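Common to both upcoming complexes is chain A, partnered first by chain B, then by chain C.
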Partner chain A sequence: MVDAVIQGIDARAPARKRSSLRKAMQRKSTVAFLMALPLILLIALLVIYPAFYSLHLATLNKSMERFVGLSNFTFLFKRETFWMVVQQSCIFAVTAVIFKALIGFIVAHFVHNIPSKGQRKWRGMLLVPWVIPPAMSCLAWLWLFDPSYSAFNWIFALFGIGPVSWTGDTNWARFSVILINIWIGAPFFMIMYLAALKSVPEQLYEAAEIDGANWWQRIWYVTLPMMRNIIAITALFSLIVTFANFDIVRIITAGGPIDTTHVFATWSFWLGIQGGDIPLGACVSLFMVPILAVAATFILRDINRRGSEV
Partner chain B sequence: MKRKTVTRRRFMATTAAASATMIAAPFVRTANAAGKLSIGFWDHWVPGGNNASKALCEEWGAKNKVEMQIDYITSQGHKNLLTIAAEQQAKSGHDILAFPSWQPHGSSQHLEPVDDIMAELVKLHGKVNPTVEYLARSGGRWIAVPTCVGSQIKGPNSRIDFLKKHADIDLLAMYPAGSPPKADAWTMDAMLKAAEACHKGGNPFGIGLGTTEDNVDTAGAIFQSFGAALVDAKGTITVKSDPVRKALEYYIKLSQWLPPDAPAWDNAANNKYLISGKGSLIMNPPSAWAVAKRDAPQVAEQLWTHGMPSGPAGRYSPFLPYFWGIWNFGKNKTAAKELIMFLSQRTSVEKMVDASAGYDLPAFEKLTDFKIWAEIGPPKGTLYHYPNPHNHQVLAVAAQPAPPKIAHQIYTQAIHTKMIVRILKGEQMEKTLAWAEGELEGFTRT
Partner chain C sequence: MAVATVASSSAASRPKYGSMSRDRTWALRWSYFFLVLFAIFFLLPPVYMIITSLKTSNEISAATSPWWVYHPTLENYTGLLTSPEYLTFFRNSALVSVFVVTLTMLISVPAAFALSRMRFWGSATLATGVFLTYLIPETLLFLPLFKMFAMFKEATDIELINRWWVLLILYPTLTVPFCTWIMIGYFASIPKELDEAALIDGASWMQTLTKIFIPVALPGLIAATIFAFTVSWAQFLYPLAFTTSVDQLVLPVGIITSLVKADVYNWGQIMTGALLGAAPPLIIYAFLMDYYIAGLTAGATKG
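Moving on, here comes the complex of A and B:
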């Protein structure tokens, strides 16, 4: 009898293991984790490892021979150019994101109001700036803003205006790089907002109309509250990408005139690769992390709060 | 059993003797290097400029039974600098790599000493100029071999007709093809007057004030002509000095005769300016002339490459040599050294210079007499003075004589042209000098 019980237990053990594995596999979270695993590994390899490696580099001396702790950071804090780059990166990213969001919101409304038959064509055309590789579109913009042969200046000259020193004057150079960033990035906002607009229930607008809400009130009290989360996430995502922008400034102004258009990425490249000071370049690039972390914390906290309210 | 002890004194003497023997040892050619050799050459601007190096490497590879792998790495977007940084970090990559002027010092710990090759080459081709030594010697040893491929002098490329018409300067008389220059009257003051005359005549000088290499090289040479060093050879900051003030004052005067967009110019802007037929002088290697020959032959026919004007401290010309270095973690260092030796022979060098239409410049004193510079045209003899055949100017790199690692930062951060532009934008000179001093202090960190 005892033997039989023991045998019974022994026989059931692998079966229980199998069934618990099956149960685990049937759990949505396990499947999701397994499906995301290749991406997690890829991110670990291409993002987490380089991030830690750049932290390591940032703690080395100029010739990368000895550990210097945080002295590269304290050195940067004393540099006038560094604070100028911080200021410029903030101006560049914040201005560009605000205008991208504004233009994206307005254009999304226009496209939303186009009859669905012709909407696809407009959507496709408006996405073109976003899908062209930025390095390529920046070269075209470079011709438009060329210091000597600017196409814009050529047109202005026909009306007796100009020439404008697009990349030679600090204000115009900042304007130029921000304009290009808006041109490239606004379609992303447009498509996200369009998707959000389409998900706003029509009944809400009908109810607002019955209550006598005008056009502005419908936007303020219906559209915007319904789109708040998507606006916040899009703004955060764009802020991160815009802060880390490299190609536009690199191609159009190379940080000039006299460093007044450098952003973190271009200045980091300038110091690290061109100047051969890789630890200092790594330090500059790492400065984006705390700034973006603060922005991300505030925006995501707001989204979570609203999520729990809903 | 008597135990043999080595005293500290004996150890030091033996080590010193061994080191001296290694440094002085001549390069010994082995029969067949064999194996595989990976080379990263600079991708030439001049169309067809890579053909000669490729053919020579293949010839050497076939003869020595070495499997060759050649990559031509562009300097567009600083891809070559990224490659150097990546290979240095990974301690893996090409056996031989082309290094732009400042890079050997930056990679000195990872480069195989090449004293043996240099000793042999100096014996064959004569001395190299001091700038090459400045850039490729570290810790008393050669760490890279100067190559003609990519090496350039960025002296004036001028319009014969415009300078004659607007400034009454006869370039052909001042720099006659086949003869030593008669350039005593070609001074900084003469250049300033010529710049003014050409500006008034509607064909300004095309000297940029941006932060890219061409602009910095010109500024560096003009500063050197005034004896103006931002940091001296010992590493002392000397930016607040009278020669620097004089050089800045000169540049401010010159700037009023330059195109108004000069502060935004990059390396291509001056070339375009000359080729468009608008400019009367730029500071560039003859690549602008080579492109003009293809795209604007009427402009090319009027171009003459010549020397820099002299200043109070002498006549300095911007010189940017390229180097071939061998990584000390390379897998086939013996073959790498043998290939560099082969590529540095007179016949090989001449083939590469010919393939580049005279653009490439050897650094050795006996290699400045190739036929191509005297014969190529139109106009015939336009490049005769390009390799500085009569040594009438000092070839130097901007920011020299500061210690190379500091000079590299000065050069990359374009401190010379930034100072000029700051003053042009209305900043007081003393404030600009104080700003520069702050930047330079930062560059001296180790």
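Moving on, here comes the complex of A and C:
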């Protein structure tokens, strides 16, 4: 469709300029620009423009007719729910990323330890949570957490542990959504760290072993320094995605009990789409920008450094 | 001298060799033990989905063990696969994914080629920009996009909201930046001599792309295609915000909004629906695991 538009514009160019136009069309940079044009248009119209448009939206009143300056922001600052959402988003993202990285690192080591013949099979099995669409696996978790038929509570009851209110109690609900996020994300960390582990030269371990390093020292002085880059970049990526996560909280608790599990994304959806106050929702989602910007800066620095090394 | 020392030390440590290999065996056993534990943790929900999907509603609400199927039945599967509603969700999902994958490839492969091989003014900045847009989450964009589409309707009288094909406009914003990014990487790894030879032989840029680059970078192309498919199959926020009528829904939203009727959860059917909905990405993963993982590690993907 975009191409058709471009051709239309070209055809309308004055006829006497045609020969120079044809020459320009054959120039390498022109061809390249035209090939990248759909991408440029897509990014400009559907990513950059809406991103800035949300800045404008955040300064309008609920019916989006009147400019109200920063009063949406001051309104948010006065609401207790807002601060709870800020706190919960940070707890959610930081805890989940730390545990994902930790579990990913440990599992990657175990997979790396076993004979390489079986590694493929284990790796394939352990990545399944990442492959299932999150909305589908969240339904399975929702059913595992069902207030009256929870299969976990059934097991706990065998040991005489009382029924846990997985999604009904604030602390348990916060735990549940983080647990699911870890379940979905840890396999991804595992794959990344496994790839990194494979790239550490075996001689380094042998040298460390000859020097009398125990397993802990081998990890601390050989593995971690060698994997530092990939650990950092995977964690930063994950931080961005986890911070902006929507599916899990939306399906498992929908923000409840009493808004205590809302994160930025679900709360802005709740205010903007369900509550019909798009400016306020846009305002809430804008609070994700600072942390995303910081993480993106670090990632970009790393990518550029790697790019200049090559 | 040094050699002699090494030789003597290895001779001295020979008796210890047995204990070291015993250590290794134990390390191996522990590895397997923990791997089994983690596998149970990671596979529990999907397995439980299968268990529940084979039960009748009566058995689900009975006091028997939830972890075992006493009277397996396929009625949930036959029920869903003959329900026009569910088949509509499936069709919508399939249509959206296929179109989005095609669109993504048509946009990102030429763009990646242009950015990696044919420099033009601002191309380096654009490559970085592509990567940055990939970092912008959809949760930041859905509200302004919603408002933009509503205004588009006022201006042109074309309704975009609550049409399944609106997703064809939205999903490429998620797939194109990443696919372009990893295709740039794959194209950049192709030796320059190859396209120079093609150009000397009189191939146009388009021919260089279709006859040289695409065949050589085919593994990357497959990885990008898989990525685009799984993202568009799994996307939840956009369809939830932009589509509401039952006949316009895609699978993830359809299962959640229509199978959960009021407060009556028919868990057998929900689990079956979710399982069937998770099947296409799982099947692709099972057959193309190496490409899937290559795509995952190529661009330091979202996690």
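One rule holds for everything that comes next: the second predicted complex is superposed on the first by the 247 of 310 C-alpha atoms of A that agree within 3 Å, B and C clash if a C-alpha of one lies under 4 Å from a C-alpha of the other, contacts with A are read in each partner's own complex, and residues count from 1 in each chain.
Just so we're on the same page, a residue touches a chain if its C-beta (ideal position, glycine included) is under 8 Å from a C-beta of that chain, and two chains touch if they have at least 3 such contacts.
Remember, predicted model here, so these are calculated numbers, not experimental data.
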item	value
Room on chain A for both chain B and chain C (clash or fit)	clash
Partner chain in contact with A:K62 - chain B first, chain C second, else both or neither	first
Which superposed partner A:K198 touches (first chain B, second chain C, both, neither)	neither
Touched partner set for A:P133, first chain B, second chain C, both or neither	second
Partner chain(s) touched by A:I278 [first = chain B, second = chain C, both, neither]	both
Partner chain in contact with A:F189 - chain B first, chain C second, else both or neither	second
Dominant contact partner of chain A by residue count, chain C or chain B	C
Partner chain in contact with A:K117 - chain B first, chain C second, else both or neither	neither
Partner chain(s) touched by A:F264 [first = chain B, second = chain C, both, neither]	second
On chain A, positions contacted by chain B and by chain C	149, 269, 272-273, 278
Residues of chain A defined as touching chain B within the complex	61-63, 65, 75, 78-81, 147-149, 163, 165-168, 173, 253-259, 269-270, 272-278
Chain C-touching residues of chain A, taken from the complex the two chains share	28-33, 35-36, 38-40, 42-43, 46-51, 53-54, 57, 64, 100, 103, 106-107, 109-111, 113-114, 120, 122-129, 131-137, 139-141, 143-144, 146, 149, 151, 154-155, 183, 185-189, 191-192, 195, 230, 233-234, 237-238, 240-247, 250-251, 264-265, 268-269, 272-273, 278, 281-282, 285-286, 288-289, 292, 295-296, 299-300, 303-304
Chain A-facing residues of chain B, complex	78, 81-82, 85, 89, 102-103, 106, 109, 210-212, 259-266, 269, 272-273, 405, 408-409, 412-413, 418, 421-422, 425, 435, 438-439, 442, 445-446
Sites on chain C touched by chain A in the complex	27-28, 31-32, 34-35, 38-39, 41-46, 48-49, 52, 60-61, 65-67, 106-108, 110-111, 113-115, 118-121, 123, 126, 128-133, 135-148, 169-170, 172-173, 176-177, 180, 205, 230, 233-234, 236-237, 240-241, 252-253, 255-256, 265, 267, 270-271, 274-275, 277-278, 281-282, 285-286, 289, 292-293, 296-297, 300-303
